[in-house]
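Each of the two complexes below includes chain A, the first together with chain B, the second together with chain C.
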Partner chain A sequence: MLKKTMIRLACALLMAALLPLPAGAQTVVKIGSLNDFTGPTSDVGKDAGLGIREAVQYVNDTGAINGKRIKLFQYDYGYRVPEAVTTYKRFRDFDKVVAVFGWGTGDTEALAPTVARDQMPYLSHSFSAYLADPKKTPYSFIYGTDYSTNARASMTAWYDEVWLKDPRFKAEREKGVKPRFLSFYMKACPYCSAAIKALNDHAAILGFEVGPDQDVPLTALDAKSQILAAKEFKPHLVWHGNIVMSVATVLNDANALGLGADHIVNNWGFDENLVKLTLNSAEGVIGPAVVAFYGEKVPLMDKVVEYTKKMNPGVPQQNRLIRTVQSWVDVLLMREALVRADKAGKLNGPGIKEAFETIRDCTPGLGRPPITITSTDHRPGSFVRVYRVQKGKFVLLEGVDLKKRWPDKWDKWLGW
Partner chain B sequence: MRKALLMAIIVAFMTGLGVTGHATAAKLTSPTVELERVEVASYFPWADKPTRVPLILAFIFRITNPNDFKVALEDLKFTYGFEAKPGEYFDLNTPTLYDTTYIPAKTTNQLRVVSVLDSMIVPSTLAVSAGARVQALELKIPEVVKMWWEQIGDFSFGIRVSEGVAYITSQEGDDLVFFEGKFPKK
Partner chain C sequence: MYLPSGVYHETYRADHAWWQATFVRAKMAFLVLLLIVGLPLAGNYALSVANIIGYTILSAFGVQLLIGYSGQLTLGHAAFIAVGGYATAIGMLQYGLPYPVSMALGAILAGLWSVLFGLPSARVKGFYLIMTTMAAQFVTVDFIITQYVSRVSGREQSFSLPPGTITVGPWVIDTELKVYYLMIALVTLCTMGMANLLRTRVGRAWIAIRDNDIAAEMMGVNVVRYKLMAFFVAGVLGGLAGSFWISSLYVVSPDHFQFSWSVWLVGVILIGGVGSLHGVIFGSIFVTVLLEALKFAVIPLSDAYPALSTGFLYIKEGVFGLAIVVFLLYEPRGLAYRWQQLKNYFNLWPFAY
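For the complex of A and B:
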């Protein structure tokens, strides 16, 4: 009798093994990733792209998505919006991904209405504030504080810690002089200009005088004419909205031509390469960092370093950047949402969106302040760490919490 | 007889479903990936700005599986760069391939990876990723890019493949295979 039962049981198990999986059952979770390995943001984009792949491997090695491996479809789109749109359609129609890692501001904003219509969760490296307002872009998410928040925080930190305290400005402060401010950025580039409206608003709040913006291409290797034009305004503080190579060009020319201003830089222009490319010109430069710098002693950094060595031993460690760390936070935030959606039995667009919007005070480590995302506000937080370069190192200048500092304005700043 | 049948069914189930998961990677001998050659897959003659000229290359790799069982290439990534002055290479692109390709036991497959460069994009790639080095070497970006487009057919400059990684899976475990190479092979 027992033998018969055992044989029946074994036969049943064998049949189950031979049966195909039920329709809709997933053994892998497919995710698309748009990256820039070749275009005008490739100086930061390549490191970020490598980081995405390494972090996905880490996720797959450590339990994946409740046991379901991530299959990553990673494309270089060269920072060209039409290429991004075309590749997104491939992700959606052929690769059948459940979510996308995005990159640039221009393409992410251009795709936002489409991903909303397709109900495709889209977690972007672009921190454009526009992408954080779920009324406008319900399926768009960001893992770092938005550009406007970062810019306001950087300006605030300079105002608090430099303008109000530095003896260089004592005489002018006592005379009631307003700090003079202007911006260097590529006007035609959506990323570079994303924070300008918020910056000029913040300058008014803090009582700055705003001068003429200077247009600098992302690929600039010379910015002397812009520096000379800016010099006429005698700025105390300038903003750099471009990325590292272009910012380095402006800093070097500003140093050579004696601009005499302090500098605050958008987060994609502020990294380990900036210090290498500018040497002394970067001394004192201020900027936000949404995560820890590469190799900092923070939780999980040991794994980041381990996987860079394990997966890309041909890339020298000294070339790895904070962009790798950002990508890890990007992937780990996505994992958090996917795991929650899967547990709820909703590993699909609406289910993943819903899961993102349940995240409260959650951090994967890596120096990322706790993230909260709600159905009415996709800004992941209001706290920004602002650093200053001192003797070639990034030293924390001030942690600025915009929501605590301006509680009456924080809600109104959503989306711009 | 019944016992033998029972055992056979249970063993079939255990192995067929993969209940025991991946075996240790120790049984998998690393496959190898080698750059065999680079081809100009399709050629469009140089034209000055604002004309956009593509340069379409094919990288042919030899992937050898020394094992007694098939392996799967899950994804493959590498960086390639062109030589601007003797020994001075500039990385231009990092293609990624994620189509699953099976390599039978004791077999060498050829894998063709097609990659497109754009005469309007390459100058900005050089400026943002290697602007300081370009200036230090006193190179003129437009001249270098034009030279690459015009001389690619003769391969009069070197092409370097670096940072190559292939992700291999098999019934006996997973593996990362690293590779690099140069073409022409001088």
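For the complex of A and C:
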């Protein structure tokens, strides 16, 4: 008797397993997301990962993709390239997603030829300029101005607003001294070194003297020897290519050892936590922000705050960062492309790619300057807002539009 | 064991054959059929898991040879896999060599590199040898490769290998299925090579050194020479593993060859069974499938508990550690021993004596 029941039960289970998926599967749009919650970039990655989840929930609550809900597959890959590759294969072969939110520069650049072959639209948090040239990486997209553009803009803003105006430099300016410049970054890290070529090129354009770059690991707890080495060059300006924790270490040590230089920081090293971790050493630090800071009064920010409170009440509001806002822009840009692709009836790789490339002067709000993506240029824009820390607050220093300022050079800068 | 009573070998050749009875031959034919035809039907996902298993097998062969057959403890095997992988990638990308040629060069280079770090084994053993092999890991991967080798490509850290880079003659290896067939070929080759090598003079010398190096020396085994030979062969196998793996990766970066992978491989042979080729294969299948199964167990829950998906890497490593502890406590001779017991049971059944 029992045996018969068991056999029936087994048969029923087998049937259930063999049945095709219900028709409801058609109304779901599957998207994969690679995030770093535990690795060396988790100081910004955790917040960004939470932001992705909240923003997807918001999209699903407000009409989704023409009524089709997004099903998000979000995995932590610990900033490890091999883990990213296996997870990407899982997205492609097992979860069968239509598009991917990427994270790090190393893994995104490494996967770029493969996503092109697989025709998988890949919108990454890494803004490496390498990913913006559709000739090389046709299926890679970025939602913020690329690292090279950010670095050039920060350098320009410092030159305009500080070097040419600040009375500290009056004597040297009048003597015709060239501003001395060098960079602190982890040399063996693709993210950190992505903008170096552009920076050194820009230093030449503005007439800077470039000194020896210093190698600082992403997980550095001490940078004194690098500071001392840099000090011999007496730099006026240094650029930081790492992420918040590491940049904070360098700023603190620079302050303690009296480096006496001004600082510009890449966008992933420049956020609310930097100010908290450095107290006075962050005063006057300059950096780009690709979207508004968390809680700034800009369109849609009320929704961001509402969803953070609703979905992650355990994370205190004062700990939320600009990274949440970046993730929202990331998701909303993806939504824009998906909605357009869906309207055209082509919710697949090539269709979504085409849809991305029809985006013109379009912004989801949240302080993101209008985004334009074309089939020949995946850089989302040339306008960068550069901020300066003053009394622990981010104050807008200058909005730099590189295309307007160097119209003849802008096209040549594509892809590096 | 499978011989029906009354049938005896008449030649040494038959006596040494791997598969001595029809039943065994039929079993092996079934295995071949399953691997060549059966598994590819299971889809890309199953194939990608199988490829990870194959890579683990190839990587663990060298560790098994060193620890299980020659008694040389090693915790730096990922370094030699890295040398193989990087040498192959550089050979192809920078010098335009064909993949099989790069692979051979990579394997030999890895073997020589391994001999270099095997030299201390002439003087030290046990824990001290662990230290020197760990030095191989950090000197090779974290210093030489990360700081210098990986940057010759101009992209600072990773060598991108776009699909279509890896070709064997006219055969372009660009899908999971093709990587799978390459893997089957290599694993078969290495298994056969190892199994044969271990029953030659060299293999017997290694086992003698493992069991008692002083006694081995008394019997006329040149201990240093055979130890270095073990390091060379292990390095070559590691190099082959690295060269194979880049075909599945699209990219090579130092991240692939971290210390954790060296430790992982030792765990694989502990679980599979030290001193057994079956152990390498069983151990690799076990840990890889265990972790995939873990994903299936954890990921559906992560809708309700997001912390599970965000902390998955920790869970993964925790479960691996737990598996080793459980095996050491309850199955210290590994899966290979259990397999042997199982076979014995059926062979002797119903008379268990």
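In the analysis below, the second predicted complex is superposed on the first by the 391 of 416 C-alpha atoms of A that agree within 3 Å, B and C clash if a C-alpha of one lies under 4 Å from a C-alpha of the other, contacts with A are read in each partner's own complex, and residues count from 1 in each chain.
Here is the rule we go by: a residue touches a chain if its C-beta (ideal position, glycine included) is under 8 Å from a C-beta of that chain, and two chains touch if they have at least 3 such contacts.
Because the structure is predicted, anything quoted here is derived from the model rather than measured.
S.K.: So, on chain A, is it clash or fit between chain B and chain C?
M.R.: In the superposition, chain B runs into chain C.
S.K.: Tell me which partner A:109 touches in the superposition: chain B (first), chain C (second), both or neither.
M.R.: After superposing on A, A:109 lies in contact with chain C but is clear of chain B.
S.K.: Output check: A:171 vs chain B and chain C. Expected answer is one of first, second, both, neither. What do you get?
M.R.: neither
S.K.: Scan A:78 for contacts with chain B and chain C and give back first, second, both or neither.
M.R.: Both partners.
S.K.: Kindly classify A:53 by the partners it touches after superposition: chain B alone (first), chain C alone (second), both, or neither?
M.R.: both
S.K.: Let me test your reading of the model: by the given contact rule, A:395 touches which partner, first (chain B), second (chain C), both or neither?
M.R.: Touch partners of A:395: none, neither chain B nor chain C.
S.K.: Quick one: classify A:43 as touching chain B (first), chain C (second), both or neither.
M.R.: Only chain B is touched by A:43; chain C is not.
S.K.: After superposition on the shared chain, which partner residues are touched by A:94: those of chain B (first), chain C (second), both, or neither?
M.R.: second
S.K.: A:193 contacts which: chain B (first), chain C (second), both, neither?
M.R.: In the superposition, A:193 touches chain C alone.
S.K.: After the overlay on chain A, which stretch of chain C ends up in the same space as chain B: 62-70, 314-322 or 332-340?
M.R.: Stretch 314-322 of chain C has C-alpha atoms clashing with chain B.
S.K.: Name the residues of chain A shared by its contacts with chain B and its contacts with chain C.
M.R.: Touching chain B and chain C on chain A: residues 37-38, 46, 49, 53, 74-76, 78, 80.
S.K.: Residue numbers of chain C touching chain A in their complex, please.
M.R.: 43-45, 48, 52, 146-147, 150-151, 155-158, 160, 162-164, 174, 176, 249-251, 253-256, 306, 309-314
S.K.: How about chain A: which of its residues touch chain C in the complex?
M.R.: Going through chain A, the ones touching chain C are 35, 37-38, 46, 49, 53, 74-78, 80-83, 85-86, 89-90, 92-94, 106-107, 109-114, 117, 130, 187-190, 193-194.
S.K.: Using the touch definition up top, name the residues of chain A that touch chain B in the complex.
M.R.: 3, 6-7, 10-11, 13-14, 17-18, 37-43, 46, 49, 53, 57, 71-76, 78, 80, 218-221, 243-246, 248-249, 277, 310-315
S.K.: Which of the residues in chain B come into contact with chain A in the complex?
M.R.: Listed in rising order, the residues are 2, 5-6, 9-10, 12-13, 16-17, 75, 77, 79, 92-96, 98, 117-118, 121-125, 127-129, 131-132, 134-135, 162-165, 167, 176, 178, 180.
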